[in-house]
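Next, two complexes with subunit A in common: one pairs it with subunit B, the other with subunit C.
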Partner chain A sequence: MATSLVRQTKLLSIVTSQFNSAACFRNIHCTAACLKNRAARIRVGKGDKSVTYEQAYHPHDIGHRKGWLSQHTSNLQGEDEAAERVVEDVFIRRFMYGTFHNCLADEVVIKRRGNLLVICAMMIQKLLPSKFYFLIGYSEELLSHFYKCPVKIEMQTVEEKVVYKYL
Partner chain B sequence: MAASMTSVWGVRVLSKIIHGHLLPAAAVRHQTVRSRFLHTAPVSSSAVSVSEEPDVLYQRLSVRVKGHDKAVLDSYEFFATLAAQELGLNLQKAFEAPKHIDKLTLLKSVHIFKKHRVQYEMRTHYRCIQLSRVTGSSARVYLEYIERNLPEGVAMEVTKTAVEKIPEHIQKPLWDDGKQETPSQ
Partner chain C sequence: MAASISHPALSSLRKINCNTNGIFSLISFSRRISVSSVLSTSAVATEKEGAGRGVRGQRRSKRQAGEPRTERMSVDQDWTAVYPTAAPFKPSAVPLPVRMGYPVKRGVPPAKKGNLELIKIPNFLHLTPVAIKKHCEALKQFCTEWPAALNSDEKCMKHFPIQVQSKEFVSAGLSVRNPDARIVTLKVKLSSLNLDDHARKKMIKLSEERYCKDTDTLTIVTDSCPLRQQNYDYAMYLLTVLYHESWKSEAWEQEKTRADMEEYEWEDSPSQKNLLDTLLRMRPTGAKDEEEGAREELLGQPAVQEYRDTLLKLKNEGETEENLQKYKEAVKKLFNI
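Presenting the complex of A and B:
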């Protein structure tokens, strides 16, 4: 770790000294100034990390190779209440992650059709079907009481996580 | 749900009669369905509502849908135009308005590095479907069907242009009555 840090600082000092001699005083901060965006990306590694389709493609591929995880109308031009939808979405994702412990195969997709809230989830076949049905009913009931709107959970189970590639 | 379905069928028959596109096969099918309901329960009499007042006439019914995904809007336009053709409504035009892009430029880093920013954009695509010369009841039926099948993430705006009679106090111009107006000071 220390050797790689020293190597990176040396690289940074070589690069920055060519542009501006004053910047080589920033040798310790070898982060955002030189590296690209880091949001929602899994960095390429040794080749042992399995990655799903959703994780493999980066945010600039949304609309081209990826779809939208949360579909509602508040981000369109002339529509409002975007922040409320975002807060609801964050809560729903944490709720699903916690209720179905270690069972989620991929990200939860949230769709809003009028008043109806549809939560689509892909699960690994870790629990018995009866337990899945109980948890679906429990989450639907709780979330509909919480958000005062009908909530439907559409679930699909897979034997194991679908791997797209290894990074 | 069943009551609304029967009312939709009933109103659809009424709209077909108004348009004059009454297909005999469809009419017979509707009548046999209604006779079956007559045998089971006396609800079919309330399914078709006939009122004395004349139906509202719309010169133009403009439906504008907006969404983030162009492919979704494409398929919705196909669905809406097909529904209009099946119901016998006149489709004036179905076109694509230019898209609107909202751009944000934010700082990339949490603390400093003002020179390094990140740009996000939100694209809104539009589709317009215009129907001409629609009656009020058929407009209601068509819009209900269209609205119930709106995909998620798509918003819709409807503009109706109604045709009304000129109100009585404007029908004749004031100078035709022969009244002499006193000059105001």
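Presenting the complex of A and C:
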């Protein structure tokens, strides 16, 4: 009985050592995969995909060829509440994307002037102006109640998405 | 009647042709087929199409966007009316042919229409010199004149020797509070306070590292209270207490030894004793009796005084070329070298 157990453990150790060799090496992942080299990048294709300036340049070009979509003072040295601002930004972007369905021509730009939250959005002329005005008023009212601060939406419209290049 | 309906029927037929590839052959036939037959086959279809086209026509043939504001701007317009407050860049309201962005290969930077980069950056179009002048004019009614008597820094320092500094913080966010705003710095020059020699030395000793010798400034920084007003009151209280305590003399202050002195004093120092002994020995052997009077007489001599001055300079200010030279001269004079 003891010898069979010993043999089983020996077998197990042989098997595990084989698995630990370079050929079949598995690790246990405890965190979510970040895929930092695939984030916010549109891969080059056949040449029929139109991309805007924002989509054409990758995150490493921020600060070199692209500006920042969201500006506030919390990221400066010695300032507080950076995380709260980031969470607000994420919510605002999803909100705008959902409220103005298929109308957004480009990313939403968020600016903060003291207490005031300014959301600059570029839209395609898909809806009637009166519908746009209603949605602007609705968004401003709702967001100002959520965040307890004045919210202004500055909207610009273009006929169609501004194409920078084709990938 | 047939002719009047022919147009929509034919156009709808063309539409059907465009939508369904299978009936391409009908395009060549459409011109020759008589209207009646077309009508019969697509009579039902026209109504449907007409209704469909009506709705779609509303979306397709929407009203054109008007011309941008830049077309109607005159050269001498009031720019403060276009950008009265801080606003993002509006390409239809700014008449400049601005381009921004990295150009595509063998291309130019993208134009201003629909350019997100121009919207991202902060602009100062609302702060032209004309606009700032208008702001100043509007604010003037709330301002008072600077008092004419305080027309130089020295006069300001003379009348207001105590300087109090504190910081205000402005940031983007939902909260106005910043804990660093409670810190108060109080600066005062000791020369402007009424202190005698003992009080001045005691005050410097009491304030330790808060006193700067080069600028003769006492700096008190208070941040222990939660409010700025409280910190200001505490700083003023500290100054008052320092001042009054430095004027008082405690009993134990009599026990001040040579090691506690801030400056080197020549009187009663080993250097003085040594010098006097040397000079007395240098004298001819005749006048040895009146030693006390001789000492005072020696002290009164200009050479000795000069030696004393140079020695004080050396000890208090440190060794420099100048000081060492002067010491050398003084010693030479003393010993008549």
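In the analysis below, the second predicted complex is superposed on the first by the 132 of 167 C-alpha atoms of A that agree within 3 Å, B and C clash if a C-alpha of one lies under 4 Å from a C-alpha of the other, contacts with A are read in each partner's own complex, and residues count from 1 in each chain.
The working rule: a contact is a pair of C-beta atoms (placed from the backbone, for glycine too) under 8 Å apart; a residue touches a chain by one contact, two chains touch by 3 or more.
Keep in mind that what you see is a predicted model, and the values were worked out from it rather than measured.
Chemist: Based on the shared subunit A superposition, would you classify subunit B and subunit C as clashing or fitting together?
Modeler: Superposition result for subunit B and subunit C: clash.
Chemist: Does subunit B (first) or subunit C (second) touch A:Val118, or do both, or does neither?
Modeler: The answer is both, since A:Val118 touches subunit B and subunit C.
Chemist: Looking at A:Gln77, would you say it contacts subunit B, subunit C, both, or neither? Reply first, second, both or neither.
Modeler: In the superposition, A:Gln77 contacts subunit B only.
Chemist: Decide which partner touches more residues of subunit A, taking subunit B and subunit C as the two options.
Modeler: After superposing on chain A, more of subunit A is contacted by C.
Chemist: Does subunit B (first) or subunit C (second) touch A:Glu141, or do both, or does neither?
Modeler: neither
Chemist: Contacts for A:Gly63 in the overlay, against subunit B (first) and subunit C (second): which applies, first, second, both or neither?
Modeler: The first partner, subunit B, only.
Chemist: Under the contact rule defined above, give the subunit A residues that sit at the interface with subunit B and also at the interface with subunit C.
Modeler: Of subunit A, residues 68, 71-73, 78-79, 111-114, 118 contact subunit B in one complex and subunit C in the other.
Chemist: Provide the residue numbers of subunit B that touch subunit A in the complex, in ascending order.
Modeler: 66-69, 100, 102, 108-109, 113, 116, 118, 122-124, 150-155
Chemist: Within the complex, which stretch of subunit C touches subunit A?
Modeler: 62, 65, 86-88, 90-92, 101-102, 104, 110, 113-117, 119-122, 170-175, 180
Chemist: Which residues, counting only subunit A, touch subunit C once they are in their complex?
Modeler: Per the touch definition, subunit A meets subunit C at residues 52-54, 57, 65-69, 71-74, 78-81, 84-85, 105-107, 109, 111-115, 118, 120, 122, 125, 128, 147-149, 154, 156-159, 161-162, 164-165.
Chemist: Would you tell me which residues of subunit A are touching subunit B in their complex?
Modeler: Touch list, subunit A to subunit B: 32-33, 37, 63, 68, 71-73, 75-79, 111-114, 118.
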